[in-house]
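The chains carry the letters A, B, C and D, assigned in the order they are written, with residues numbered from 1 in each.
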Amino acid sequence: MITAQPYTPKEIMTIMAAREIKNGDIVFSGTGISMLAAMAAKNINAPESVIFFETGAIDSLLEELPFAVADPRIMYWAASNSRLTDSFATMQNKITGEKVIAILGAAQIDINGNLNTTCIGDYFSPEIRFSGSGGGCDVASFVPRCIAFMQHEKRKFVKKLDYLTSPGQLGGSNSRREAGLRPGGVSAVVTNLGVMRFDKDSGRMYLDKFYPGITPEKILENTEFKMDVSKATQADPPTKTELKILREDCDPQRLILGR
Amino acid sequence: MITAQPYTPKEIMTIMAAREIKNGDIVFSGTGISMLAAMAAKNINAPESVIFFETGAIDSLLEELPFAVADPRIMYWAASNSRLTDSFATMQNKITGEKVIAILGAAQIDINGNLNTTCIGDYFSPEIRFSGSGGGCDVASFVPRCIAFMQHEKRKFVKKLDYLTSPGQLGGSNSRREAGLRPGGVSAVVTNLGVMRFDKDSGRMYLDKFYPGITPEKILENTEFKMDVSKATQADPPTKTELKILREDCDPQRLILGR
Amino acid sequence: MTNHLNKVMPLKQAIEQYVKNGSHISIGGFTLNRNPMAAVYEIIRQNIKDLHLYAHSNGTGLDELIGAGCISKLEIAYAGNGKAAPTCIRFARSIQNNEILFEDYSNYMMSLRFMAGAMGVPFLPTLSGLGSDILTKWGFSRSMRKSDPKIADKKLAVIDNPFGDWAEASKVVLVPAINPDITIIHVQKADAMGTCSIKGLSFADIEQVKASKNVIVTCEKLVKKEELRQNPDLNQIPFIHVSAVCHVPMGGYPTAVYGHYDYDSKYLRKFAIAAKDQNKNQDKFKKYQDKYIYGVKDHEAFLAIVGQKRIDAIKADPRTGYSVNMKRD
Amino acid sequence: MTNHLNKVMPLKQAIEQYVKNGSHISIGGFTLNRNPMAAVYEIIRQNIKDLHLYAHSNGTGLDELIGAGCISKLEIAYAGNGKAAPTCIRFARSIQNNEILFEDYSNYMMSLRFMAGAMGVPFLPTLSGLGSDILTKWGFSRSMRKSDPKIADKKLAVIDNPFGDWAEASKVVLVPAINPDITIIHVQKADAMGTCSIKGLSFADIEQVKASKNVIVTCEKLVKKEELRQNPDLNQIPFIHVSAVCHVPMGGYPTAVYGHYDYDSKYLRKFAIAAKDQNKNQDKFKKYQDKYIYGVKDHEAFLAIVGQKRIDAIKADPRTGYSVNMKRD
């Protein structure tokens, strides 16, 4: 460790996300910190979880960290190199889809866990245009569990999305089902401050865990909407074992964890 | 030749069908005499035609005659070994489908070129049950040209099919289009007696060619429905070259042509 | 599904565990090629009944299962078995004698139905069959469909193209997804996790596997994971879809397995002759079944009766993948 | 389509023949992998304009085409280019400046749309996007759709499941087929007839090819037919779909081609820096284009400017298929 702290914000985020992954899960992963979380889970708590990319590679041997989901590094030693249409079918299909947990990023999230990865401002003439859905809308539509990875800022935790790219609980309550979607969408939000979940009945985000040194108040200050913090407790910090495996086995060069 | 005739009925049928195939055509072929016709065309008049099986093998090197469309002999030296879903898509897709000519057999055909390969008698409790559609209904629905190979008998050329497995011109006139089908279906019927085609406007079968030694009257005697024979002329018999190639290059062991 | 690492078990156990009376089932292969015959014979030996079989063009396996009385409902596109039986014999007989409930589709429709199941959508569209009796003659009645949650409410549906005449189609046939309880396939190579590599045509095996709640794979070669990982492009089925892996050399016999052995046309003809038994007591057919199925304890014992001579005769040539100049009747 | 035997021609000729002002086009690859970059640069050099591009996640090729002003309409799921440009720079700029017409889909929707085109059906169904703005915000107006026969009447359609709650779906999204005038892909191996073998992930290339009226294939290796026929299982594209074959070694550069070379992260960053040019005159970006695209006569000349040093640095390791321990910024 190069800082005086026992762990960095990126490290605790990664460990918190990794703890969401169960043994046997199929982890739909992007690149960067989401992939690191998937690798950490596989090395720490879910040895038989399977890393899976929307481009169609399953259980690749990641000798080097890929920088994109089409990086040739994910094609090496995979169980199968298939097609886009196959990989999304694996998630849309309930038999396999039920086992998938996705890790997603977003520019904005709302209280119902809906995500925006498309634009800031008007869709047709935006202030800032982002990359768009990619597979985000698909996986959020299909699978029962998604983790959203976000920096906890007011402009990102917004009352109203500028564009609803990937469905969470939509308007809350039964609205996901009414729209024709299966149960699913973002089920946990992991930020640099804490971990949020969603109330089963209302579909609204609540604070589940705040990190050591962070208060629920600080989290509310960085959230545009009003969020229930009444059930929140302090998160168990990363253990020595978790940190050791993350640092030594998953990202020894700190390509993603940074210095 | 072991007979006194210059050619056998199977030989003239094969040559007549082969003449229907144009250079560059993709020939959807079954086994037996239909495959022999495809091979004859490739060797005689359409060197760049491509033999294609519903099981997904394209342009296989047929060192031995296959006995089924899933025979391992069709997997050897193919351009591609794909899946059932791919092979039917190739025909349903107009871009490639327009180039496909199919060769089909049937237990019954009616005046509009509809085919029955399912049963004789009531569908639910038939006197005789056949193999069913296979890919027949699909290809007859999709592609512009199909050749039906039949023995010319009254019980096969019927007023009413016991079951309409594969659509021809349905009820004639515009009925194929009205049903939602593209133009297509059986366009030529090659039998042991002659070659029938279909009137563009009415969609009804008429006699185009009768073989040397066969009369239109004989063909009518062997046909349950009334067929226009007014335009019929005698077919050009197989040439020496055609017969030589068929006999020496396509089926030297006379596995299909018989003895 | 959670244990991804080792799914290897004896075939007998896999069939006991995953194939039950009344199961909805599909088997891999096409006519006389790559049917999971060892599994088919084991199902017959275990006397499993009332199966609902989804088939596009399974020939050999289908007819043995029907012959043994295992099938009570059948959805099918084609029942033929090459030269030995242009129409599968026990299939035709069972329909002519009103012994099974059956419903006809085309090959593409059945393939699409497995594909819809694999994709997790309720249906897929096609332009096939408009105007045909496949659309109008339903083998399963509406009331039976209503009462059985495993069968779709409709055989199929025809809708107007919601996109006008886009793709030059005015109407579209929608065929409902199939999600079998169990699919059994036979492949050339699998590893203990269940990743499979099929050589040659894959027919609809991949779609059938991905559509199924459980999957048994029988394989010619049970290989190390490392062997399959060296060329992921050749592995059509990743382990996540597979429940059980059974190592059964010659598990496709008497059908062909590309690169390993050809179909045994002699055996297929022997079966056809027995199956044609018109006798009321069915002595000939029972004798066939007693000798080759009930009288042996497993596929190895079956192959021992067939004899090394036949097995040698159908051995595949390494260049072509089939038995060159094999005598075929 | 009739001449199946030899479709080999120079890339310049193939682009002239098949890519016209106003063509509806798609290109193969995904973000920084296997984009047909030689063809992209040739399109730019030939100054072809007003293209309608269908993209799922083409990154590098897309952004170069937009940067050169070749694209006027875009249907897309994702525009990112890895670490160098998490959002494609010229893509974002062209939308922020109202310079192109665009319409957003998801990756699966775009893949299904190509697949529908390949299958010859007007649409395919999915459960994706219900409740999202992808369904409600249409980039192309109804009137524009009506007036252009190459664009479907609707962005998509939502229907009630005609099979009740079969597959546990009450509603289904139908996405319309795409049939591009021309698709261009870059592959590892092709023969003169146009049969192709792609190594590693194929993305949506196969569906794009089969959906297209014409197809240009550029290849690393132009091989003899015999080489491809030895393993038909590895040939995803049979020749019947292909119009032209162009032998262009390193034709995917600066994107990666599995088994041959890695992406050139240095070049991608150089492009990103130039593309970010905020200057009104666009001097930096024009300088980049002049040097690397307009200033060279073909891909070979482009590679000569890039230099052997970079090419050596990204060379793939034969074991892994990528450049091991390559410095990536």
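Basically, a residue touches a chain if its C-beta (ideal position, glycine included) is under 8 Å from a C-beta of that chain, and two chains touch if they have at least 3 such contacts.
Quick caveat, the model's predicted, so the values are computed rather than measured.
In this structure, the chain pairs A-D and A-C differ in their number of contacting C-beta pairs, and the larger number is found at A-D.
Taking each chain's centre as the mean of its C-alpha atoms, subunit A lies 40 Å from subunit C. For this pair, subunit A with subunit D, the centres built from the Cα atoms lie 28 Å apart.
Between the Cα centres of subunit A and subunit B there is a gap of 57 Å.
For subunit C, residues that reach two or more other chains under the stated contact definition are 117, 120-121, 126-127, 167, 169, 172, 179, 200, 232-233. Across the assembly, subunit B contributes residues 57, 75, 81-82, 92, 94, 142 that each touch 2 or more other chains.
Chain contacts here follow an irregular pattern that is not a line, a ring, a star or a complete set. Every pair of chains meeting the touch criterion is listed here: A-C, A-D, B-C, B-D, C-D. Interface of subunit D with subunit A (complex): residues 29-34, 56-57, 76-83, 86-88, 91-92, 95-96, 98, 104-109, 111-112, 115, 126-134, 137, 139, 158, 167-172, 200-204, 206-207, 256, 258, 262-263, 265, 316, 320-322, 324-325, 328. For subunit C in complex with subunit D, the residues that touch the partner chain are 116-117, 120-127, 152-154, 157, 159, 161-164, 166-167, 169, 172, 174, 176-177, 179, 198-200, 232-234. Considering their complex, residues 31, 54-57, 63-64, 67-76, 81-85, 88, 92, 94, 118-119, 123-138, 141-142, 163-167, 170, 175-176, 179-182 of subunit A touch subunit D. Across the complex, subunit A is touched by residues 1-5, 117-121, 179, 193, 195, 210-213, 228-230, 232-233, 235-241 of subunit C. Of all the residues in subunit A, the ones that touch subunit C in their complex are 23-24, 26, 48, 50, 57-59, 61, 75, 77-82, 89-97, 99, 142.
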